[in-house]
Each structure stands twice: as C-alpha cells, then as structure tokens.
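By letter and in written order, the chains are A, B, C and D; residue numbering begins at 1 in each of them.
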Amino acid sequence: MDALYRDYILDHYKNPRNFGELDPHDREWLDHNPLCGDELGVHLVVDEDGTISDLRFHGQGCAISQASASIASEELIGRKIDEIGELSADWLIDLLGIEISPTRRKCALLSLKVMRGAATGDASWPE
Amino acid sequence: MDALYRDYILDHYKNPRNFGELDPHDREWLDHNPLCGDELGVHLVVDEDGTISDLRFHGQGCAISQASASIASEELIGRKIDEIGELSADWLIDLLGIEISPTRRKCALLSLKVMRGAATGDASWPE
Amino acid sequence: MIEAVDSYYRHSNANVHRGVYGLAQEATDLFEGARERIAAFAGGETDTTIFTRNATEAINLVAYAWGRSAVGPDDAVLITHMEHHSNIVPWQILCQERGARLRYLSVTEDGRLSLDELDAALSDGRVKLVAVAHVSNVLGTINPVAEIVARARAAGAATLVDGSQAVPQMPVDVGAIDADFYVWTGHKALGPTGIGVLHGRRALLESMPPFLGGGDMIASVGFESSTWNDLPWKFEAGTSPIAEAVGLGAAIDYLSAIGMDAVRAHERELTAYALDRLEEVEGVRAFGPVDPDGRGGVVSLELAGIHPHDLAEICDREHVCIRAGHHCAQPLMREMGVPATARASFHVYNTHDDVDRLIAALQTAREVFAL
Amino acid sequence: MIEAVDSYYRHSNANVHRGVYGLAQEATDLFEGARERIAAFAGGETDTTIFTRNATEAINLVAYAWGRSAVGPDDAVLITHMEHHSNIVPWQILCQERGARLRYLSVTEDGRLSLDELDAALSDGRVKLVAVAHVSNVLGTINPVAEIVARARAAGAATLVDGSQAVPQMPVDVGAIDADFYVWTGHKALGPTGIGVLHGRRALLESMPPFLGGGDMIASVGFESSTWNDLPWKFEAGTSPIAEAVGLGAAIDYLSAIGMDAVRAHERELTAYALDRLEEVEGVRAFGPVDPDGRGGVVSLELAGIHPHDLAEICDREHVCIRAGHHCAQPLMREMGVPATARASFHVYNTHDDVDRLIAALQTAREVFAL
C-alpha cells in the first residue's frame, strides 16, 4: 500500500466530509498555497458558548490538502473556537497519520492555516 | 628598446607638434575613446583651394593617442581636405611604425577619427 | 556549457570593457564574441542584441523605457490569454500607471489564437502594442508571429514577441519575424540562469531613454546629467553577465552543432508520439493544438481524478520529471477552467523511452489512486 | 565558488519555486539556503534580502520603486563626489523625471567627506534621500556610514549605502548601520557575475510597489491586475539567479572561514605597506586618506609623465594587473583634476610580494618612458 496515498486519505479526497459552504455563517477565511495554487476557504458557525457547531470547507487542491481539510473538519466540529489557535502543525500531521515530506508540508497544513485564520485572524503558517 | 614606446613615439608624446587651438578656425571636431576616456579635439584652417593650411589638436590621452595625433598632424598640414576621408586605419598605423595590439588600436586611431570627422563629418571609427 | 562557464571563471575572470590589461581584453572578447554568435543564432544583429537578466527583465525594460512614453491614457496594450506572467504583469503595471487599457486575445478550444479576433481588436486604432508569445509554455502552440507582427504594424501598433520557448526548440529568425522587440531567456535554451536577450529595432532603441542607470551604459557622466553609450551597451548597466553570456554562447554552439532543424524535427516527432500514446491512458486530456506541426515540445495534461500536484509527485517517484502548477499562466488556467496542469517537456536529450516511461508513470498513478 | 556553481548545474539544475518534484525542491533549498547565509553574512534578515542582477540594478530598483513616489518636485537627493556611476546616474534620471535636485557632498583633499557639510546640506529639510558609498572604489575611503545614516534620519531623509566595496573586505553589519537600503554586488565579493544584493528596511519594502513584473513576484495574476508575493520575492521577477546565489553563497562561506576581521587586517596591512613603498617611486602621487585605518584595499595613483593607460599596459607586461581609467567615477576624476587614475586592488590572495612587484613595475615604466 502506498505510504502517502493511503486508502483513508484517498477516501477523504474522493468523498470529502463537510465540503461546501454555510449561509449564514459567523466566521470565514480564504487562503491559498502560493507554491501550487491550492485554494481553501472555510465557513464556521459558532454557538453562543463558543462551540464550533458547524463547519464547511471549499476550494480545490491536491489529495493531501483536500484530505487534510476533510479530516480536520471532523475533528474541529464540536470544539471550542478558543482552542483552535493552540493547535500545532504536529497535531494535524499526527492526525493525518502519514509521513509528510518537506515539499508537501504546506499542502497538509493549508487546512489548519485557514481554520486558524477563521478562528483567530492569524494568517501565519502553523509551526 | 621598447617595441611600442619607441623613442620617436615618446618624443611626440612629450613634445607634441601642433598642439593647441586655432582661433579663428574653419572646421572643428571633438571626440573621445569610450574605453579609456581619452579626449581629442581638432581645429582646422582650410584655404580657398581646399588645402589644410593649419591644424591644431588638443585634449588628453595616453602616449599612443597623443603621439598618433602629433605624427598625423604633421602629415595632414598641406594636404587637400578632400583627401582626408580616404585615409585608412592602415595608413595611420603604417605611419606610426609600431606594432599596435587590438587593445590599443582605438588609442592609435582616435586622432584619425577626429581629423576625418572635422574634414567630412563622418563619426565612425576608421577601418 | 558548464565547461565554458568554468573555464571563464578560472582563466578569464576580469571585468569587461574596463581597463587595458590583457585579462580584461580577453574577457571582453569572450563576452562580445558570445553576443555576436548569440545574435546570429537568432537572426538578430549584434548591436541591437541586448543582454538582460532574464526574459522578464527584457520585457520590463521595454515596458519602462519604451512603454512609459509610447502608451498614454486611452491607448491599449493587446496581449493574449496564453501569455506567461512575465508578458502580462509588466503590461498591467504599465497600463495602471498610464491609464491605458489592457486587452486580451482569447484562446480557442484547441489552443490557438484567431487572426480575425486580432484584426477586430486592432480596428479602433487604440492598440499601441501587441505582445504575444511565439510558442506557448503551457499549450505548446506555435503562434503565427510574423503574420501577427505584419497586421499589428499595418494598424500602427508596435510588437513584442516572447520567444522564450521558441528559440530553444526551433529555427528562429528574428529578422524575418521583424517584431519591434523579440525577447528570450538563457536557461530555457540549455544556457545558464542570469541571462536574457532582447533584440530590438534599432530606431526604437536609439530613441528610447535608458532603463537602468549606472556603469557601462554611459558615454560620460556629468554632475547634473549624463550622455548614453552606443547600442547595445546603453541598455546594459553595471557589471555584465559575463560568465552567463559565455555559457549561453556555448549552449547555442551546442544547439547549432545539432542543427535547429534537427532539434525541431526531434521535438515534433516526440510530441506526436506522446500525443498518440497519451490516448491510451484513460481519463487523460491533453491541452493545445492536436496537430504536432502547430506545436512545440511541451504537453500539458490533466488526468481525471488526480490533482496535477499528486500526479507530479507519483511521476517523480518513477523518475519522470513533470511540472505541476499554473506554469506562470494563471489567466490561461482560468480560461481553461483548471486549477493547474501537469506538463511534460521534451528536448534534444529526450527519447521515445522517456515518453514510454511517462505513460507508465501515469498508469501507475491511476493504480495508486485506485481509478 | 567555481565548484559550487558547477555542481549546481550538474546535479540540481531545475527552476526554483516551481513544481513539486524533487530536483526543484533541491534547487529551492540551495537557493533559499544561500539567501539565508548571505543575509547573515552581512548582518541582514533573510526575507528583506533581495537578489538583483548586480549592485546597479539594486540601486535602480530603489530609484524606481521607492524614488518615483517618495521624491517630488522641490525635493533633493544628496550624493557625494566619490560615488560610482551606479550611485549617480539612477539619481540623475530620477531627479530629471521628478523635477528634483541632485546635490553633492564634496571630497576633501585627503579623500574624505565632511559631516559638517552633510549637516548643512540636510538643514533645509528638502533632502529625501542620502545615497553614499560605504567604501570608495577609487579612493579607498571608509565613510562613517552609521553616523551619516543617523544624521540623515534625524533630518527626515532616507538612506542608501552602496556597500559594493565594503562587504568583500571588512566586517559589515547592515543591522547596525541601519540604512534604509544597503546594496552590494556578488562579483566583487569573490562571487560570480549576475548577482547583486539589496537589504531593505521591511516597512519600506512592504509599502513600495514592485519594480519588475513577471513570474515569481506575484501571489496571483488576474486579468486586470495582480497581487504581489511576500518579501523578498515581491522584488524578484522571473527566473532567479540560482547558480549565482549558490556561487555567492560559496564565496561568502570562503570569506567567513578566513574571517572578515582577518581579511580586513590583511588588507589594511598590505595597503599600509603599499602606501609606504609608493613613496620610493619618484613622481608617484597616491590618492585617498593617508591613514590606512581610514581606507580599504585599493590604491589609486598617478605617475607624473606617464598616462595611466600606458602605466597599466607596462604593468600588465610585468604581470601586475592594475586598472586604468575613470573607474566609473567621472565626477570624482573631474574633482581631482585628473583624466584617469591607475588603481591597484588588494585582496586576500595578495601578498607583500605583489606590492613589491607593483613597485618594480612602476620603476620599469619610468625607465621605458625615460623619466
């Protein structure tokens, strides 16, 4: 089996969870990976107590960036919005469960960058 | 004895003939060698029958360009102005009687260029 | 090429045009000798062949030194949807600065330009410049640039042809094409990075103000103002790309020895073979003209269900180098309705085997993605 | 350095920043790694360290992208009589275009600038930029640039320091000097031709429009307009000088290994020795500061009765390389009242023997000229 394109990665790529838009939504963020042009946008709906009650992502990109967004989306729904800023690059990469080469790192991290942007306004790349 | 800086070359360099300006004059020309910055100007007085009756050059430059101007000036006084356009690079180099390397060719030829310019208005380098 | 650069640094490393000593003369001879051969290789004249940093700088030189005075409010610059960013962005900046309009020629389904559309775009007389790629770096399309230049000139527009992809892969005669400006870049022509070429029409180059000011481009420098050096040096400020010119000279000698007709025939043949074999791979769509006579040696493709980025990664593992991305042609990507493409390029060193390995790699990608 | 360039072309030759395949990544790592080391070498930050074609282009970049909006009619640009043409002509062109005035600081008899004159020139508040060489390429003078920058800033003027001669021969900390722009050039620092460096203040670089448009400097390209990439790439259009950066990286590694303090000490020592020994030669006049602490490793001289051009030719025959000419500093030549000078440069590879050979060659020249 391929070490990068594992079955569940391809499954998330081909059948992305929480793909689409949300209207109305409370927060949104759009960004892209300048290296390859991948684009990712996200819409959040946040409860009064600060819980992310719904999340949809849209855009286009490679299997890694799309699967990463899909997998992360499942983890983030139900979390408090305040926690998102704390999530590290390692958290996401562990979650993906695949070996990410330096070349593909930004593909994997774009989803966290965008979700963190929506939550905190921080436009930097996760470290 | 040095093959380039021969006695008569140094003599013409140190004691240039026909150096200076002429006022009034009938023709003048000023040019420079872009490679080294040497500058040479010339003033001509021309008889009614087209003979160059007087010539002075001024400017500054290396031994080769100054000696060349000095030696050429002696040859040109008394010539018909119409002849000057015909004079070739080889004519001048033969006149100098030294071996001119490609690097120093423009030093040697600047004088002919300027004198030809004054006579004919042609600003190209002699060939 | 590598040997030529290396030998330059070891044996002739001295600044050109300066000083009378032997080393400097040798460097000047190498540099100006390379200019002569490079100019002749593309059918240009030596003293209207200007060295720049790359094709991009050559185009910007024209946009600044020619465009700032020649293009005014209400004027238009006409480019095409298949241009490289280098032949788009300088014109956007120029048009914004001068209040001019930027117009585009569209690209047909099969990746070509329409001369009728060109005539229509020229018809109101506002177009001051037509800037077009000789060969598209994405579609491979060989544009009829001599015809485009002639029609533009008839309509009073100047012309710039971006030959970055053309000069390396087919015989090019800039004299015959007769554009006002023709640019190309060294590293695409098997040469080094750090050098580009601008062939300009003499009358324009002479009347244009200089672009960059500094050493070498001056005749004399006064306190308030300066006078400019002759062509081509008027447009070459500062220390010249000496080693780069020597390296590019060696590269074109190599191409000349093969013969550009032979290079073109080889690329045509490989491209035709690749287009043929690509039909075997399910889900593949190749962009650009279908007729190999109308295209150069690049094939951009998409494979349904696999993002180009992933395709390139899998090909890389199979030791097949293809490039995935927008290829510095985002407007074209938008027109084609794709985020990116994967692109294979063929040159003299490629063989049928390389095409076979590409096809095999695409099949492998389909397997990895369980398609 | 030659080995590094060579190995880059043989093993990692692929365009940076583009494509995901391994070779491209390797080239990017080499290129951006070189940037990091080159920035650190001069005390700059990585992402405000921009690669240009040479120092000349770096200065023109500032003149176009910063100067066109920051300098207006009635404003002034202040430079000095000891500048290289590269630090004169771009400001002449800018001032002519913008209707601004170009002012000069004079050079004292012993080749130095006067801070009092600087203060006087700044006092009317019109000076928008002070552009000055860190080390003069003719006189060798080491200018007190940190002090000049501080006084200019206090008077509301921006600053550009031309470090082309400084970076190769002494420890330079652009952070401590704190100029708004600090430029230098690769080939003077034992590096290759085709690369220059601009260290800019982040806030200025961010607010400036780009200079050259094209590939790599964009974030995205739309039909009408585009958005710009982050620093430093915003100012690097087109294919980067990859091999050149790798080569310059190797050159500064070499210099770092020797240690810039040691380089400086060596050059100070050789220059002092040369100034001493030159006194032995009848008719020689050496230009520039007499105190070797105040000058770098170049000595410009004149020998009464022998034109510099002839002097260089005779030295060349004796295998001593000196440069004769205006050294791209015609205004300085005019101020010094000489048509040209002969100039000897010393660097790490020179020894006392080289100085001795220079002195012998000058004596030979006197004999040839029968002086």
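Just so we're on the same page, a residue touches a chain if its C-beta (ideal position, glycine included) is under 8 Å from a C-beta of that chain, and two chains touch if they have at least 3 such contacts.
Everything numeric in this text was worked out from a predicted model, so none of it was measured.
A count of C-beta contacts for the chain pairs A-C and B-C puts A-C on top. Centre-to-centre spacing of chain B and chain D amounts to 38 Å, using the average Cα coordinate of each chain.
Computed from the mean C-alpha positions, the centre of chain A lies at a distance of 47 Å from the centre of chain D. With touch defined as above, residues shared between interfaces to two or more other chains in chain C number as follows: 20, 22, 220, 309, 313, 324-325, 330.
Annotation for chain B: residues 35-36, 103-104 touch two or more other chains.
Chains touching one another, given as pairs, are A-C, A-D, B-C, B-D, C-D. Put simply, chain A touches chain D in their complex at residues 32, 34-36, 102-104.
Listing the residues of chain D that touch chain B in their complex gives 305-310, 313, 324-326, 330, 333, 339-340, 368-370. The touching residues of chain C, when paired with chain B in their complex, are 17, 20, 22, 25, 219-220, 229-230. Taken in their complex, chain A has these residues touching chain C: 2, 4-5, 7, 10, 14, 36-39, 60-64, 66, 103-104, 107. Put simply, chain D touches chain C in their complex at residues 1-2, 5-6, 9-10, 14-15, 18-24, 53-57, 59-60, 63-64, 84-86, 88-90, 92-93, 96, 102, 104, 185, 187, 192-196, 209-218, 220-226, 237-244, 309, 312-313, 315-316, 321-325, 327-328, 330-331, 334.
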